[in-house]
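There are two complexes below, and they share chain A, which is joined by chain B in the first and by chain C in the second.
For the complex of A and B:
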């Protein structure tokens, strides 16, 4: 209270903050970026450790032998799949029944809002087959889950084979305290979504599915398996789920611990672990891994079937078998043992996984960065916005220079309200148009232009986005006459606070998305005034706008994955990413598209409006 | 002046009616920041259903509103939305007239002081002009009606709106000098939520000032006045309690309403400070800390009354703020009530306080989602933001108090007080 009420100290503090505002902001920005880059540096990371007691200390001896049989089953499944021209439902039902499971099927259908060109599907019909292994030793209140997607072509046959053989093997064991559900889902995420909605009696995406006939208890953990070759050289773990949600870190620890036990090479983001943390190349390796995770998390896309489980508080990861040209090979038996070990440990769980972290970044599988380490990086960027807002507030509350101030102040305050409200309303209406028009106007666009539906949706989105740049200029002038110095400051104050709240909430929900947006939007928000040279500033602002951020992210993602793209390819990929974003929202309820269209873009338009204030 | 008020009322009613029809209404009614176990509409509906079945509405530990509320909605349940909108209108109009009346008095006092030349020469800029006072009543109504907190609480049909209406009518009756109505409405407010009991000090001081009765414990007229007020207050309270008893035919409601308020058995998270502490606490400390927490509402009454003896309306405002911070089941509707008074006086740290309140209001649903829906955060995250929210409120109140006292101080000692050695002095709150 002393600081807030003592006028001298208060004045000193405020004058310090206003006089040194720009340098402090610059320092904050650089410190924020440096902090973020420093996160991959070893001293700032924590070593992975198992927090869950139930999974930590117990010894498990794995006895799975049937790797060869898994491959035979996979071949048989492949033959049946080709014969049926899709999912061999009857064969799968029989195969599961033969292995002693309670088998049920679920059919679902879904019409996409517009054709998905990546996966070539529009009207989707499919069937999920799942079998439940009842726990012999416990009430049926809890369950574990293993899923394998039934993909097109010959992909993932080995995963289904492994699932069936594991089911057979698990059936012969007596120690299960939780039911185990084995699911083969068709049409990857769509089938998964249908099954999860059926299992939890919700319908959030408007899909049609038949109700599930058999149920087990509350699912404690789930693994999604993707294997496409007979031998694998390494196992890759995928964590990023819908809306950037991550599974509990203990599940990752469990996977990593078993990989070490069986000497299986494990990768994260397709990158192996390195031990030379202190060397520059080791550091850059860690940074690349972490950046890949950040970009994937920021996309809000579910990067594997596991991603949809997280919404239902089910901890889940996808395990992918990779077959590259390495010397070191792992047999199917070893993979089976690894899975057996993981399930036996999960079987020991006494409560749902909650001991370890939910908010983390991984620069490698052996080290992690917790929320308390990475949040300051965002905090430093957000502090710039608050400092700017303070500066504007001080400028606004400074007494007016003219003598006959009273009448002017009255007039200004009423026109001030209008000149703030008008741009706010107009830019949000543009945002709503960006959100609704692309999907609704695809038919009309297809009629009038030689494009496919998907192209129509994407191009309409880009057109609305660009049209928005031309629209809200000087809207205040129609309502309140000439824009004033006071006017743009008020608008900027509102916009800066709006952005601070928006980014703060986003960073809590999905740190990566919040951080990437802050990285590009904060300089715009901090810097823009109407007195800057129009053309160069406008160019910089467009480059730092949300759409260009997306473009850069796509480009950076492929650079980091060491699959560089030409500009042409990046552009095509950018278009397909937009359509994927809209589809993700419609199909699974991903929130990145509505967030960008209805909140971030309008907020950016406010700053655009300030630049062209007259 | 009536035209802008009417316009404002129309805008406010339109917003509320539109929100009632939207899909948000259901979501808002589920928010723990907006409804508490005491005020949730869902619970009122449950109570009504029980009443219709001929069971006591208090059977089953769901319903905790007072019997009069349930009998009110027994008749009005089909018109619930209109009732809640009406309650908000009553608050706004009452505040409009309260502030108008209060301003008139401030102005009269100021005029006398100016004529008597009581103000120091250098503080004429502190003297309030009719021009700047003109819009204050409208602003008070606007602050209540367009405050997102009161809009949310009305759309959620939180019975907090009705309590607010009763309190605002009590303040109106007091400011208008109607002793009987003041006592009746105060009794009704106490009957509804217990805590407004502390407002009686402000009301007594105000009414005595108005009737030129000295606030002096050695004078008979003082005690006679207090006894009169107490008689009216207790009498009407007795009537209400007796009426409840005869309507219900049992004393069930006493433990279910007042016991529930005082002993805080329901630890559903809310914007207050109780839930987290009592969820964490060992059972055998519970009673002790219950007393410590509950006493906060009442304990500031005496010191504040002594300090603000001359300014009972400000005292009432302070009491409202303290109640809304320290009560056992606070909701944002309580906050909206005292926020309506913000335009009446001045505040120093507007920027800081409003930034923190804004940020917290946005973070409440986000952290709730992370904790309850996503399962990734935990109660500490949500409580952290509750704590910050309450600190911001306390900062707001203490800052307001400080600014008010400082203005009064300047009006007596001049705007630029000198130290004894002649250098310029500064006022510091310590």
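For the complex of A and C:
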């Protein structure tokens, strides 16, 4: 601090920073991107290790043998499901009761704000069935959970079969220290949300559900099971939850440890594990896996039923059985043993899972990147904004060229405040319009245009977004004629600091989202001035706007998944992603849509406004 | 498939010792209860009464003492009303004599002594003990009702195991050498779904005139065995299968030693009938004091096989459960649900809640609703907590309408403890003890007491004098509540360090931003200053 309090040295430092501002910013940006790409490089990652001592090595032999019976039960369930034309509630209740569980049901209903065209549903009514296996000599204070969604068609029958057979096997064991809840939920995430809200007796999303009759205390961990074929070649683990929350890394370790124990092929983001870290192809494989995770996390969508648990401090993952045409096959018995092993270890837990990391990125299942390694990548990008702000501050505090007197300064400052506040207010009002209008105006849009409700919502959103660009954002033309040189500097200073705070907070909660937004928004924020050529700069700005970022992300996601899309398909998918984002917000309380609409987009509009200052 | 049974063991010692045991079918468990009653004229003369307890009673001027150690939760909906209700963990309630001046001091000393006797860690002091005003009345003679002499405390987390069973068995007159106690082999007893052992001491009348009083000691043991796990789903059990022992003789000191087997569902030998907790049951009786009971092999093994696979159980009329609502670490809501399953009669219940101080209850948010309408409690006794001194006590009398669910809710805030107050496993959560529901429940079964005359002891064990209602005490499940917990690990230190650095850095930066720096003249040297002072005195302009 002595350096800064000495005026001469301070002046020298500041002049250095202002003189070299642009090169330093460019270096920071490149360093940030390079750091991020380097995260997947093996020497920079940490090896996975189990942090929770209670789940350390145990000399337990798994004895589950009823794999064949699980498939038979699954078939029976499939028959009953077709007969009932949905969830066979009575059959499930009977099946669980016969296996010695305490069985309860919960009915729920929910009207979506607009029809979900991907899943073809609008008015959702359903019933969850769950059975509680009471642990002997335990006082009902702790529970573990296994869920299997009852999906449409013949999907996921095997998961329900496995759940029932596991319940039967677990019931005849004496070593349980925690109750185990077996849940079959209807309508995927909506049913899950209803059950979780019922269990915790909260109502976050305005859903209607009947109160639960049976409970088992605090849920310590949960697994969601998705098996859709009799043959399983590999198991995939899904981690990304609502708002980019991740489960404790120990749960991932546990899964990986048991996959290794039973020689089961396990994949992450649909990608197999590789051992050739040193080779370029191994590195690119790791980068792709990590990028997929980043994109999925940034979406804030719950990628499996487990994603909704995380809000309630319940660590959960989804385990998916994959049947791709590989030679290697895993028997259902092995899958059952793997689950048995995981539950026996979770049963040993003395405290909630808290020892390991909650913030991490995975380039593979055997290595991870902790928060202390990936945060500098974002820090370097955020530093650009601060450097820019410093530069603007210095420019503003330098004595003005004309020295007219005190009165002039006062007038300037008052018009300056107005020229900052007006665009702030107008752009935020546009943001609020973008947030509220699409859902509220769908009926009117459907009446006047030949579109369905969902299309109406998405198209209204795009219309409001585009209209926001055309709005006059400042009043200085009407108040004081010309926008002053100082005026845009003040506005840009405010906007840059605003963006820095916004991205900083986002990155703390959901690193991936913060980083992706920073990648596109920081160059705009750092570079834009009113003196640039209008048309090319405007084109670049639109390309780097939040909506286009989303479009690129959708495209990149499918490229990385090795399912490339044509531009037409990408566009259609982009539209459905928008509607999905709005639905996620309404149904589960996902925050990405309001964040983008009410904070990020208005912030970007401020920079747009600076470009068209004169 | 869910066939399970109830075994109720009853050891009764009355002047001369008598022992009884009852076996009863349950929906999904095996239940056993041991009981032992003793009367002695004076506590200076120990024949059957254990001296260790006698000395405790006289030293601490105890009027009544009830202690229970329980592992597991009694599942009322599956197993019916409990014969000997007890909450999970340890429970202790004591009435002191009026002569005790320092009740709190005596109480904490007494709990320390009892911890030693029962090998338990009963850390009871004023932080977790309360004085219920109505829920726990003295069970023996004497009409003391001043609740200043009552202390009640529970420890929901106390685990019960062999080390607690051994001292309990040693209090029996024959130890585990003879009589029914032979069956109590810990290896088998702890392979069960529920285990509860208790000791009750109270003053009773010596005879009908009640001229002299004596002490009664009851030792009870409840165990529920799970036939689903051990019996491969068959409804069949035997003493040998359950305890891996058979009976050979009664305790020679016993005046009566009997086994009662509940055979209500396949009654072929009808020997005794009684109305137990509002339900008419049939028992067959095996008297261990008779030689003929043991037959030629001189060992008794009972094997009961049921013809039908489904058991009959009267649906419990009163049932209660409790849970924590809400999910954030700032606040929450305790919900207590009380079910009255009686088709047409309403009855009042007393609800007692003991909530530790680290949950800050907001009593103005207390709401009692049944059938969607507000239900005003006719009596409320509330003592607010004091941080680190005493817990909340909430007691209320609520009328439960027929066939209804009554919900009691109250909001609370979770407190951030001082960092030394956290236990070694703070992420496990903090326990809140069971709430106690006590009530006189109207009986559905019409009373027919003819059969019970055969067995007056049995009758006295289940006090069913009043024909229309019977007393029930229920305990809800304990709660495990997460409090905001710092991450006591490396990242925690890092966060502390970072915060310090940021705080220091912020201060300096703020200083730099708000101050205006100007270059000042350097200070003149000492000699120059002295010269200037002299020049000033001389009236000459300074250098």
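Everything below uses one rule, namely that the second predicted complex is superposed on the first by the 604 of 614 C-alpha atoms of A that agree within 3 Å, B and C clash if a C-alpha of one lies under 4 Å from a C-alpha of the other, contacts with A are read in each partner's own complex, and residues count from 1 in each chain.
Note that contacts are C-beta pairs under 8 Å (C-beta built on N, C-alpha and C of every residue); 3 or more make two chains touch, one makes a residue touch a chain.
Nothing here was measured: the structure is a model prediction, and the numbers come from that model.
In the three-chain model built by superposing on chain A, chain B clashes with chain C. In the superposition on chain A, A:500 contacts chain B only, with no contact to chain C. In the superposition on chain A, A:313 makes contact with both chain B and chain C. In the superposed model, A:389 makes contact with chain B only, not with chain C.
Within the superposed three-chain model, A:508 lies in touch with chain B and out of touch with chain C [touch as defined at top]. Legend: residue contacts after superposition of the two complexes on their common chain; A:123 is shown touching neither chain B nor chain C. Taking chain A as the reference chain, the count of touched residues is higher for C when chain B and chain C are set side by side. Shared-chain residue A:215: touches chain C; no touch with chain B. Once chain A of one complex is fitted onto chain A of the other, the partner contacts of A:140 are limited to chain C, with no touch recorded for chain B.
Of 42-50, 186-194 or 384-392, the chain B stretch that intrudes into chain C once chain A is superposed is 384-392 (criterion: clashing C-alpha atoms). Counting contacts by the rule stated earlier, residues 1, 4-5, 7, 311, 313, 354 of chain A appear in both its interface with chain B and its interface with chain C.
Every residue of chain C that touches chain A in the complex is listed here, in rising order: 1-2, 28, 71-73, 75, 77-78, 88-89, 156, 190-195, 226, 228-229, 321, 323-327, 329, 333, 335, 425-429, 431, 477-480, 482, 487, 489, 508, 511-512, 517-519.
Chain A contributes residues 1-2, 4-8, 245-246, 310-311, 313, 354, 358-359, 386, 389-390, 393, 406, 497, 500-501, 504-505, 508-509 to its touches with chain B in the complex.
The touching residues of chain A, counted against chain C in their complex, run 1, 4-5, 7, 10, 97-98, 100, 102, 134, 136-142, 171-174, 200-202, 215, 217-218, 311-313, 350-352, 354-355. Contacts from chain B toward chain A in the complex involve residues 131, 348-349, 351-352, 355, 358-359, 362-363, 366-367, 369-370, 374-377, 395, 398-399, 402, 426-430.
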